[in-house]
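The same chain A turns up in both complexes below, where it pairs with chain B and then with chain C.
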Partner chain A sequence: MADKNKYTVLLPTYEERANLPIIVWLLVKYLTESDYDFEIIIIDDGSPDGTLEAAKDLQRIYGEKKIVLRPREKKLGLGTAYMHGIKHATGNFILILDADMSHHPKFIPDFIKKQAEKNYDIVTGTRYVGTGGVYGWDLKRKLISRGANLITQILLRPGVSDLTGSFRLYKKEVLEKLITSCVSKGYTFQIEMIIRARQNNFTIAEVPITFVDRVYGESKLGGNEIVGFLKGILYLFATT
Partner chain B sequence: MAVSKLFQWLICLTSFLAVWLSYVLGLVQTKFSEEMNEIIIALPIYLLILFACVLLGMIGHRVATFNDCELASKELKEHIDAARQDLAKKGYKFASDWKS
Partner chain C sequence: MTPGVHQVTGWGLVSLSAFIAIYYSIWVIILPFVDQDQPIHTFFLPRIYAIAGPLVAGVIALTLIGAFVLYVTVSPKKVKKS
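The block that comes next holds the complex of A and B.
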């Protein structure tokens, strides 16, 4: 092994029975191929669809060292799920991605190489730069995404091109510190993480990623999400 | 502690308005021509329109140049098939096999 780094993947799940085996398989494949030391912590929030049973089956196949199960009784939010996972993490780096396969683990080696370039505190995926992009979005969805992003860029000037993306690599202590200082929920949680990182002078780098919209299951973006997003942005605009 | 973004905007806005209003209300004596005078009075409107145009242009350009990743989707579908086959070989019980 070239270095002593260990990467802990945090995978919060809720009703991801169909996606979980595939995403875990892909994670194991790409992390093993690149010879990285890793573990995958699955934090299932009491999914009624049997996600936890699927996770147990995967643990049986890949072993308790690689697949760690830290389920919770019920849905309690993303921030607390990360905190819950970190407590049991044995890696010095934490990888976060969505379990619904919109984030492909093939990009993880890019994240890790980028981090090593200048020992960045955070590496975050971007859909908006270079070879990054999306699949399965119509014009309306693209318009909302770009519009929301531009408003955020103007109001908050974060110095990061993609703020709502949740495909990221953090140093463990950096993630711990950021989560405890974040108050937002939902979409704005990911934005606030970056804003707080800037406040703390953590260094951030970006790598292009492709975002393939959910293969199984529905993705959600309605009026409520947009109102919540705007409220969150205005809160950060006024307070940070 | 750093100043909030809202406060930064308010500072810029009030400084601009202070200069502009002191001209419009005639608090400072200047020797601008009649045309120049008209432009300055309408300046906030012009700037707003310019801002809106730049914004719309930027969004339009960014939507138009938003990459469509057909290949990424195709590749993912192949990877999903490969994963399902390999997992089945390893003895993973897929949800579709649970209730029978």
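The block that comes next holds the complex of A and C.
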């Protein structure tokens, strides 16, 4: 089904040299199969492992219209990476997902179909509803994730089942508006996006996805992230 | 640990929560309307614990959380200095 919509995939990367070619191949496969017009914007924050070199090779293979490079010099955070990527986006929809293959591009057609149902502003992937789930996490990680979502549900009442997820489809103007109003960092950033979306009365739909623990590389969740998350949640609770 | 064990743990947590919720509801809402000589009262502690229990649990929880936050905020600095 070809339509006039174009989908920009924003891929912020940091030390994803091993994962990048695979995720790009998967994105290209599923988006081309479903006959959607798309581009992939890779925002690398000065990875020391050669991620940018890999990205340049991919650009040579797939062409500069499909693979757009917007690198930055150092690690400046997810929110600013999205802002930086959006400035050069030519699509009217923005897809965000993790570059470490925890999010499988095969779900992207589901997102797009769901969005078309009622012209939703945002479609977010959920691990906690229907066929959604996680794979490869140990019990501790699952408890932390569930615990975090529980605290968020109690304090913020978002009306969405999975708030820390980062596999989402936004209308471009919706993402632009939300990013400028968000102040949080880290995991809380994704939560704040949904909370701000609710404040602005944007419509949100959910699609079950399977989150698979990353194949290569180190995951970045530690005690610091947890404490940062709690602070962020309390801030949102107090101010919204 | 396999997903099977995770599921069992999950059900365990749900059952425990359900048990506590039902026990507490009966304790605090139903029992005051039941005569003191009925046998059901033997299953429930004196009602003062309905207040003391959650209070102590809350204090312990806050202490543990506070300790965790302190530990996480203080120890990275120690690692950097050494």
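In the analysis below, the second predicted complex is superposed on the first by the 238 of 240 C-alpha atoms of A that agree within 3 Å, B and C clash if a C-alpha of one lies under 4 Å from a C-alpha of the other, contacts with A are read in each partner's own complex, and residues count from 1 in each chain.
As a working rule, contacts are C-beta pairs under 8 Å (C-beta built on N, C-alpha and C of every residue); 3 or more make two chains touch, one makes a residue touch a chain.
These figures come from a predicted structure and were not determined experimentally.
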item: Which of chain B and chain C A:E117 touches, first, second, both or neither; value: neither
item: Which of chain B and chain C A:D35 touches, first, second, both or neither; value: neither
item: Touch count on chain A, higher of chain B and chain C; value: B
item: First (chain B), second (chain C), both or neither touched by A:V212; value: first
item: Which of chain B and chain C A:G50 touches, first, second, both or neither; value: first
item: First, second, both or neither for A:D138, with chain B first and chain C second; value: second
item: Partner chain(s) touched by A:N224 [first = chain B, second = chain C, both, neither]; value: second
item: Doubly contacted residues of chain A, that is, touched by chain B and again by chain C; value: 139, 142
item: Contact footprint of chain A on chain C as seen in their complex; value: 1, 5-6, 9, 68-69, 71-73, 76
item: In the complex with chain A, residue positions of chain B that touch it; value: 2, 4-6, 55, 58-59, 62-63, 66-70, 72-73, 76-77, 79-80, 83-84, 86-87, 90-95, 98
item: Touching residues (chain side chain A, partner chain B) in the complex; value: 17-18, 21-22, 25-26, 49-50, 54, 57-58, 61, 101, 104, 128, 131-137, 139, 142-143, 145-147, 149-150, 155-157, 199, 210-212, 215, 236-240
item: Chain C partner contacts - residues on chain A that touch it in the complex; value: 138-139, 142, 223-224, 226-227, 230
